[in-house]
Amino acid sequence: MFDFDTIKDTIKRGFKQYMFPVGLILFQCVFIVLYAVHAKYGYEVDDNSTEIISRNTPPPKGAVEYYYSFFQDVHVMMFIGFGFLMTFLRRYSFSSVSFNFLVATFVLEWAILVRGYVVDWDSETKSFSVTVKNLLHADFVSAAILISFGAVLGKTNPAQLVILALAEVVMQIWNEHICVTYLCAYDGGESIYVHVFGAYFGLAASYSLQHKREVESPKEGSSYASDIFSMIGTLFLFCFWPSFNAGTAFGDGRVRAITNTYISICASVILTFTVSALVGKGKEEITHIQNATLAGGVAVGVVSDKNIGLFGAMIIGSLAGIISTLGYKYLLELLKKIHIHDTCGVHNLHGMPGVLSGLAGIVVASMPWRSLYTENLGATCLSGGEHRSAGTQVGYQCAALLLTLGIAIVGGLLTGTFLRLSIFSTPDNDSYFDDSLNWHVPKDFVAENSALGSLIKSILPNQIQLEEMPNQIALNPNTLEVIQETTCRQ
Amino acid sequence: MFDFDTIKDTIKRGFKQYMFPVGLILFQCVFIVLYAVHAKYGYEVDDNSTEIISRNTPPPKGAVEYYYSFFQDVHVMMFIGFGFLMTFLRRYSFSSVSFNFLVATFVLEWAILVRGYVVDWDSETKSFSVTVKNLLHADFVSAAILISFGAVLGKTNPAQLVILALAEVVMQIWNEHICVTYLCAYDGGESIYVHVFGAYFGLAASYSLQHKREVESPKEGSSYASDIFSMIGTLFLFCFWPSFNAGTAFGDGRVRAITNTYISICASVILTFTVSALVGKGKEEITHIQNATLAGGVAVGVVSDKNIGLFGAMIIGSLAGIISTLGYKYLLELLKKIHIHDTCGVHNLHGMPGVLSGLAGIVVASMPWRSLYTENLGATCLSGGEHRSAGTQVGYQCAALLLTLGIAIVGGLLTGTFLRLSIFSTPDNDSYFDDSLNWHVPKDFVAENSALGSLIKSILPNQIQLEEMPNQIALNPNTLEVIQETTCRQ
Amino acid sequence: MFDFDTIKDTIKRGFKQYMFPVGLILFQCVFIVLYAVHAKYGYEVDDNSTEIISRNTPPPKGAVEYYYSFFQDVHVMMFIGFGFLMTFLRRYSFSSVSFNFLVATFVLEWAILVRGYVVDWDSETKSFSVTVKNLLHADFVSAAILISFGAVLGKTNPAQLVILALAEVVMQIWNEHICVTYLCAYDGGESIYVHVFGAYFGLAASYSLQHKREVESPKEGSSYASDIFSMIGTLFLFCFWPSFNAGTAFGDGRVRAITNTYISICASVILTFTVSALVGKGKEEITHIQNATLAGGVAVGVVSDKNIGLFGAMIIGSLAGIISTLGYKYLLELLKKIHIHDTCGVHNLHGMPGVLSGLAGIVVASMPWRSLYTENLGATCLSGGEHRSAGTQVGYQCAALLLTLGIAIVGGLLTGTFLRLSIFSTPDNDSYFDDSLNWHVPKDFVAENSALGSLIKSILPNQIQLEEMPNQIALNPNTLEVIQETTCRQ
């Protein structure tokens, strides 16, 4: 009996330790088989570049060039943008940037497959083809998962992240497919299908993961350097957001998507600085600048390629900046009270601005000359196909937003509950927001927990108010005492 | 009476504290109205992408694709490049990267408007249209303002920066408009209209702002990490500079602008390392690498799209690297003596290389087969319109350079004087180069001013010369004494 | 006599100190002359953009636009990617990012010249023309040199790096020219001609440079911040690798090169995380994430534009991730034993994956319907020119790989031996991996060697095992003792 138990234990421990790598390998093998059987290259129709090139005349610019630079911008947003935006946690930067890296690549492989089966399946050739546009779509899907990742950041282990990604990808793609093909709700910048979905899925998952567990750690804070690293992410997201919203738009729509997003996100930057100064008694909060500044890109998404006028984009962006900043200032704590811990504040950056974008879409839908909604209609659309009325469109825009919210929340709750299974060994409060759980860390990382580190910490409290009178600090008696007490007691 | 005074005080204080956010909101509202009344999308002439797309053939590549990737490169230069280049100040990195972010976005909104009225106004439709090319031009304008920002970095508050931007944008655009439309002086890379203007405007503003106030702070220094952050900015500026100079060029000019800038900036990198080692007795100075390396991009600007030959570009770039590095080594201090404090050394990176570029333009103008100056002429040009002689062009190249210098310096002096008004409450020497004035800073930022920080500082002086013999440092008696004195006195 | 000696000494010292800057200036002058005599702009055939532009219709998209955005991506890979990837050394970050900057620019100027004479020479006009494609090729060459740089990082001075670059460029270009023109071995992503060549050249150079000299320094380590800086490089290399492999491909080949590289590098990321966790007992190693994740981009290079199927790309990428990670875990130490010190582990990231890529190329060559090898054949090809058989192609793929290995290793050994000449005054073990040798460093850099620094170091050893139980650390008695001993002895 006893023997049997130990064996069981060993197996359990071994399973917990190796579930993550072994699981990844298995998935990878399955992926390879599926790609071998069903994926093929998406060539362009009668492309004769070769011949032309040889004649030393300018090569033809096809779909590749039409999408590639937009794709690359979005690609940078996913890996540098999201990756570094999350490095703000002073003791969790390795995990933030690296797990973002892992999850994103895993999602890209998985999303191409799922979208291939759900969206691009060619029943004749029994296959789906992969073009640059498909890569771009895969990046959009990964955005949703990375947003959810932001909500549970620091409180999950890699194994849980991979499972979460595995499940969310399927739901996100099905939800988008239904909304686009049958509800025919437009969402140029994917604000509903990506931002709203990702945010509320993540919040729901975080809720059921944390259920009845407190999140209270001194490690959940930034350092001066980690905050600057985070700004790298912010600025790349800012710069390339027009590429995100205009990625799949074309013709006049592309011009509108670029200019609208550009203006909207500029407006949200300005309003973020404004509101942050107002609520901060004249001082800015770097967290607001890192995040809320981008809300304008999210909020304009649904109508980014619509004829809303540059002023419309500015209004939307300004509102987004206000809402998002206020969310970071006041809402985060309230959510904590109802046991929703949102590490990166995705509710403020993606959730609320995403809903705002959905509402903007509904309002605009009532103005056909602005929504040009017929461009998005096809034979498969419910209620009249291509001949749907503007009023009906309004209804379906609402439907898409509500359906997305529903699927995201239910899906997130279920996934979160599943991830609580003991086999996943969720990290506990002590190892939250700490790289040493998952990483071999350099010496100076450990130092912070050392006697010297504690010495520093013991000095800090006295400094906080002294901040106002820096000239006196050096002489501050308390601090000297502290040092004596800590270091010189005989 | 007394009562009245207190009220006046409260109002004054309130005004000073909220002038910045409230002012921003007002501007934003005005902008929205103006955009609503006068801005419209700039569509391409008979673009029928939609239909073509549906036929699944390669979509047409229009003006959007012709400018977009260049625009994105320049966009990154403004926000990542300039933003991070300025993070070198060890205690001012939040402000550097964030206020750069704020100012740039504010300028983008404002510049599109002003250029719309001054340059692109269509008197028939009573409106101006916004294309990707306009966004690119707005980025060029913001470059000028961000350069000026570099001169006053750390010595101004956000409110002052916004006012400065507001004024400078108008002057910069008018100056460029006059020089391009009437003087018809070519300046492909905007070295005169952006770099010279921005640099001397900033220096003049810094002069009148600092008038009779000393700038002497131990905080005006870099840390090892902040210097590396700064290199992020340097390298992105370096990589994308060809996009900056070739942004608005076309045809053969585009090929020349790209290759000339590429070669010129490479040359300035090499000469910077060379001169830095020569004047540093075999050791390099990171400040030179962060800045002077880019001088070649500025110096080739005016003639970037001209037929100067790659060797010409190399010569210009080499000279720029030499001048700029020597400027950083010797000129900064001299300028300080005449009360011009130039935080980022914009005079060395943008001022002198910009003037050098103007001179190159004058020389090249005397060689019509190289300047191809007629390409830049139109009916509106003074002295003969399109039939202007090469000799005349030489004169007008001089005129443009001098006019720009004049407007920049006068404009900068006036703006700086205005910004000295007490209501703007310029920070004083103690709060220069310090984030804690405008930011809620993380704990470790304060630590530097703490007892531990002062302990570190007190140890450092002894280290400087010890640097040469690291093995002895641990045993250095002085330092141990210092620690005792600081921490263990009973 | 005595006098004569001192003079000799002074000259020697002066020579050693100024050889680097003076040498650079001389090269620059020679370059300028050569560019003046032989380089001209590479215009497109009958390009009439100007006229078209004026008619306000979309401008034509020529070769510039076809290559430019790919070129810019690769450019960022060279300067940001390689530059920051190497910043992981905690006390050598200035040198890593800056010397990468210098070497890259020097190589770009030099490579355009050498390729101009070797590859693009037009014997009629006695000149060669420079287009965006040439700039792209120059970037490819610089990649090889920067890889070699990674092997000797921290153990060489700038003068040596420049000489190494000077020699390697010539050999790399000749080797590629022979393999492409006569052996006609395909290598779309330059994995053989750039990665294999660069890696083994660097390793050979490192071997002969270090011959009979030990490399053992506590400074050869990372810090928490420097590891995150390094991730900037990793992620940009990851994002833009498809542009590297697809840079010179066209038509269908471009689609395949992009998608294959995308999938292959994603696979290597996932396998790297997997293997790193397996060999690390459940904990990840940041070094693996920084480097091995990119092996998939290298390994797919040779066949990147071939019809290998996405599953083929995944298999190659997965293998690369495994090999590379294991290499970092186990091989680095073994190589050290045979006196090959590989600072960045280029053997694991570029060497082995490059060889793997070469083998993949050989295997694929035996499947003509996949290798489409005839596309790469021309009249100059040995054994049958354009009518070469698939079997023959297999042989020539082997030949190209072996020839490259041979030239790289022999060339590296010779160059390394030459660089050992005393005049180059190679830094010795004490000044390895230390910026203070070549830089004027900020105060906080020195602090690490100060009494406080040594105090921190003395505390660390006790921390390493405590890492597991962070709650006890503050109370750890040993550490307190240490502080007393160090600071409070009377």
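Residue numbering begins at 1 within each chain, and the chains themselves are lettered A, B and C in the order written.
As a working rule, a contact is a pair of C-beta atoms (placed from the backbone, for glycine too) under 8 Å apart; a residue touches a chain by one contact, two chains touch by 3 or more.
Remember, predicted model here, so these are calculated numbers, not experimental data.
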Equivalent interface positions on chain A and chain B, same or different at half: different
Inter-copy rotation, chain B to chain C, in degrees (Cα atoms; steps of 5): 120
Averaged-CA centre spacing for the pair chain B and chain A, given as whole angstrom: 32
Multi-partner residues of chain A (each touching 2 or more other chains): 44, 47, 61, 65, 69, 225, 232, 455, 487-488
Touch list for chain C against partner chain B, complex: 17-18, 20-21, 24-25, 28, 31-33, 35-36, 39-44, 47-50, 53, 56-59, 61, 64-65, 68-69, 72, 75-76, 79-80, 83-84, 87, 93-94, 97-98, 101-102, 105-106, 108-109, 130-132, 135, 158, 225, 229, 232, 430, 436, 438-447, 449-454, 486-488
Parts of chain A lying in touch with chain B, wherever the complex brings them together: 44-45, 47, 60-63, 65-66, 69-70, 73, 90, 221-225, 227-228, 231-232, 234-236, 238-240, 242-243, 250-252, 254-256, 258-259, 262-263, 266-267, 269-271, 273-275, 277-278, 280-286, 289, 293, 307, 309-311, 314-315, 318, 375, 455-456, 459-460, 462-464, 466-467, 470-471, 473-474, 476, 479-480, 482-484, 487-488
